[in-house]
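The first chain written gets the first letter, and so on, giving A, B, C and D; residue counts start at 1 in each chain.
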């Protein structure tokens, strides 16, 4: 049995996620869209906290909410005149998109509700997870060691940095 | 009432659906990127909750999400850089109008 | 080897052709003409030598038991179809070949000489293409000589083609005149069509006999004219019939069609009048004296086979008799002097053809063996005499045309005063062709008529009538050209006799036309090599002279002095006159068949079919592939959203399928 | 290496060396390019003549083996693919023909512009393929060289062509590649049935000796291979690449293509399709006889109404090449000998035709006979050449066309069944139609009045053009005057095939 606080928190978070997601993709002002995204990301971070992955939640807030959304906002401000609405999307496109999305949701939902026998699982105990442990795991080669992906990601990020520089450089 | 795995999956699914809808319908490239982020995020949630609920002893889901966040950040940064560059050249961000490189 | 120098008779014209053709352009024009003429003179001397040696010389292997047999001088393989069926190129002398050598070289020499004057303008400058002209003349002479000395049927075919081409080149000598080009084309294609049948005939004949060689086909293995091979071949193919006729009859008919094409028998005669577009000496050489008798020569060469196969012989006979009349009728109304002479030629060749064909009717095969064959002899004799006097007539016509610059007899009239030598020569030619004794034509034509009467009274009367028409139309031409009324001088130069190079051949040929009748042809050119004892048949001779005189008298009455009678008659029988003048619309018929039926009706639709349907099909295939590619390319439109959409659709479809599968 | 002692390999090495030499030339050094190209062509002609001499000597010395100058080099062990060389009389004359046409082609493209170096590079690559095809007797090697000969065509037409060259190049290449797709299927099928037990082989001689292809397979494989080669041999209804392709191709390419490449088709039909699958050949001959018979008459009729010189010639090629396949399908030595003679004859005279057309086109810039006239007056040499080519084409004795056609007709007439008789007679009729269209074009193009006053300024042939055409004219006359020399080389090479076919009846 969960604590009531936890439950309330969950429902708030779920509500924020659902509502803000929908708003993100339906609003015609792109800046608002970015803002709603920010809310969704925050809500997601809260889920991570609920799951006891505090570090992940922190990363989510810092990188996503703090970094990416800021980037979005910058990009939007650079490419748009503020206050100007985007064009209305033609209805056929909207309907098609909606049908595709809803169908996808329906199929996945159907699958979830019908076949996923693990869906009723409760939250189990989890060993203590501190940052030191995460750091060790990230750089170890043992079981649960993630050195290789870590390095791969490093290289990738490096490539991205270089790519970013190349792209952004004035010709 | 307990918070089951399903209860986390449903908002995630809806988020993903919204992402798909946005991706398919939006014309603005930045809006498309935003929709993409929604989808990514929903997948992240799934990884985390599956990890937490089904394999609490292990850390794969969490780490994957960690990496995914890093990747998403890099990807977004790069994509936005490209979009801004394209905008500088073409003065537009609407993908329907950006057909110069088509075919 | 005896008579081996015959090769030189063939080789000199060939070498002359190559020489004049290759280096003549760089030489002086007159020089080439003189060279050509000298070469021809040597050839002529040699050919006379050959002929005299063959006919009268000491034994060169040609006389056996009083029978003049064929001599094969040499005969190397040229092209082997199979081990046994081999085409050889050789020289064979027999009476008709020897006689033809004389005819060809004589006329050719005269024409060479005559052309030296004719192919020049009034100032004596040679025309453009003078060298080419002499080269072609040499080529023609070579081909014609090669034809007559052929040792086998295929060699004849080869030289048939060669003379066809030389004729094509010479008719089209004035290649910038569309009429000449058209005429040369027509001549070649019509004779080519005939040659197709000739080829088919050879194919059939050689298939059943297994040989092309005359010494097997028509001369037996031992001595002259034992027809064993031919008979056995015919016997072996006896079962083989096609449409009710024996295969051999078909073969011989086809071969005759080939000959008919060259010899301008109805209905393949249409090219000959048009061929008069060529220079007049060429008409004299090719289209009067030599090439056009190639068909007669061909039938004569295969005479023993035709004798056996009476069916084919009947066809020859009917065709010849009809053509003789048909051409004579047309000749009566032509206004173009060369055309009139051309129809006269057709008619005379038809005489020869008929004469060949009637000769076999003198009893059965056995009797033929016994030594009859008057028609054959008469035909060959007529060939000889006709070549001389017809060449004479054409050369005279050439002299007249050269003088008045026109072919139409309305531009001539009354030339006797201006060109006396030409006039007399022409008159001699006319008398010869009309059959007035003692000129050459009388003797040969008389023999022909005797042969025709021997086949049947009807044939004889028919041919006598044609002979009468011959006398009429020849004298019509003569009177219209040289008399009728005073000549109106149109040009600055009054017409006159031409330079000696042109007059000398006229005189020589006229002389020959007077005396040629006394050549003892019946001793020399019989079909089996035996002497044929004939004597003048007074009834036939008398009646034919009478008919000829009537013809001449009629012509005199109508055309000697200008009068209204011809016009009245023309008005009276305008339909008939018009039809005859238009050659009974044969040209129009051919025009219709070739242009409307073949060209418009077959070629064009086929070409359209090819471009439209067949090529269209492949283009359609390509276009369909292209369209499919375009269609598929649409999916690859560069829009990430459509890709995602498609991906989703695909993923969903997969999911649904999986679920459905699980459910089932 | 032992293989280098075989003269045949030099027929591939010489063009390849020429290629290398050309590659070393600079783009501008037209003299060097010409020198290399001519040297290569001359060496090839000399080699070809020497090969004829060797062949005659070997036969004279009593060597009766089917192929002489045999050598094998293993190339790809797992599939038993060898570089198997060997020639019989047919290949020898084909090589001779190719050498002469390459020689004439080099001179015909003497003033090729632009990119002469690249042109000759592709030209010699094509030649490499052609010679390679004729010297090898291994299915794989043959197919490889076949493709080598085919592909350069696309660039040669596409880059140096005229008119709608892109369309034509594409059409020609695609249709021929379509043919090779059939062919490839056929060859693979043959390979997998090449031996009943033991090692599968690609060697034509061994396959023929094993005679192991099951009859029901032959019925499938024969049409595949025959059509595959037949496309190249311009067999009705797969001939439509020929008019467009030839019309657009540059002179030398038309020459080489019509002169040699189309012969690959006939040669292949004979050497692979009929030789290896005699049963199916006998069974299915009637289909292809009908098609080729149609080709002959149909091509001739179509040529009668064309107005483009090259189209006329292309359709006439359809007719003449139809004659080749027609004769091959008659299955007797005489007709087949005629077929090879016809290949030689058609190769030379079509090359001559295309050379002359190219030279006339280069001066007048039109190929429409309605726009030209009186050319004989303006350019007598080319005019005479055209008349000679025309006379060869319509079968004048003394020139090559006549002996070839006559041999074919007489060979075909040896069959007594009505079907073949009728076809033979129909084919024979083509000699008249040929005369019609040849004389039509000669009359319009060369004779008559000059149509365009500008044409009066045009010049006659230059020395290189004269050399090129004179080579071909002399060859045409040589075959026409001394046919038995060639028949002697060719004739016996058909005996194995005729024997194999005879065993089937």
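Rule of thumb we're sticking to: a contact is a pair of C-beta atoms (placed from the backbone, for glycine too) under 8 Å apart; a residue touches a chain by one contact, two chains touch by 3 or more.
Keep in mind that what you see is a predicted model, and the values were worked out from it rather than measured.
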Chain separated most widely from subunit C, comparing mean CA positions: A
Inter-centroid spacing, subunit D versus subunit C (mean Cα positions, whole Å): 37
Inter-chain centre distance, subunit B versus subunit D - centres from mean C-alpha coordinates, in Å: 65
Distance between chain centroids, defined by C-alpha means - subunit A, subunit B (Å): 6
Chain centre separation (subunit A, subunit D; CA means) in Å: 71
Shared-contact residues (touching 2 or more other chains) in subunit A: 96-97, 100, 104
Touching two or more other chains - residue numbers and ranges from subunit C: 645, 648
Junction residues of subunit B, two or more chains touched: 20, 24-25
Chains touching one another, given as label pairs in label order: A-B, A-C, B-C, C-D
Subunit B - residues contacting subunit C, complex: 20, 23-25, 32, 95-96, 99, 101-103
Subunit C-facing residues of subunit D, complex: 171, 174-175, 236-237, 239-240, 298, 301-302, 304-306, 333-334, 374, 376-377, 380, 391, 394-398, 402-403, 406-407, 409-411, 413-414, 425, 428-429, 431-432, 435-436, 439-440, 443, 446-449, 483-484, 487, 491
Residue ranges of subunit B touching subunit A (in the complex, touch as defined): 1-22, 24-28, 30-31, 33-35, 37-38, 41, 44-45, 48-49, 52-54, 56-59, 62-63, 65-67, 69-78, 80-85, 87, 93
Sites on subunit A touched by subunit B in the complex: 1-2, 6-7, 10, 13-14, 17-18, 21-22, 24-25, 30, 33-34, 37, 40-41, 44, 47-48, 50-53, 56, 59-60, 63-64, 67-68, 71-72, 74-76, 78-80, 86-87, 89, 93-94, 96-98, 100-102, 104-105, 108-109, 112-113, 116, 118-127, 129, 137-138, 144, 146, 149-150, 153, 156-157, 160, 163-164, 167-168
Subunit D partner contacts - residues on subunit C that touch it in the complex: 25, 77-82, 85, 87, 154, 158-159, 161-162, 165, 168, 172, 175-176, 178, 180-182, 184-185, 188-189, 192-193, 195-196, 199-200, 203-204, 206-207, 599, 602-604, 606-607, 610, 614-615, 617-618, 622
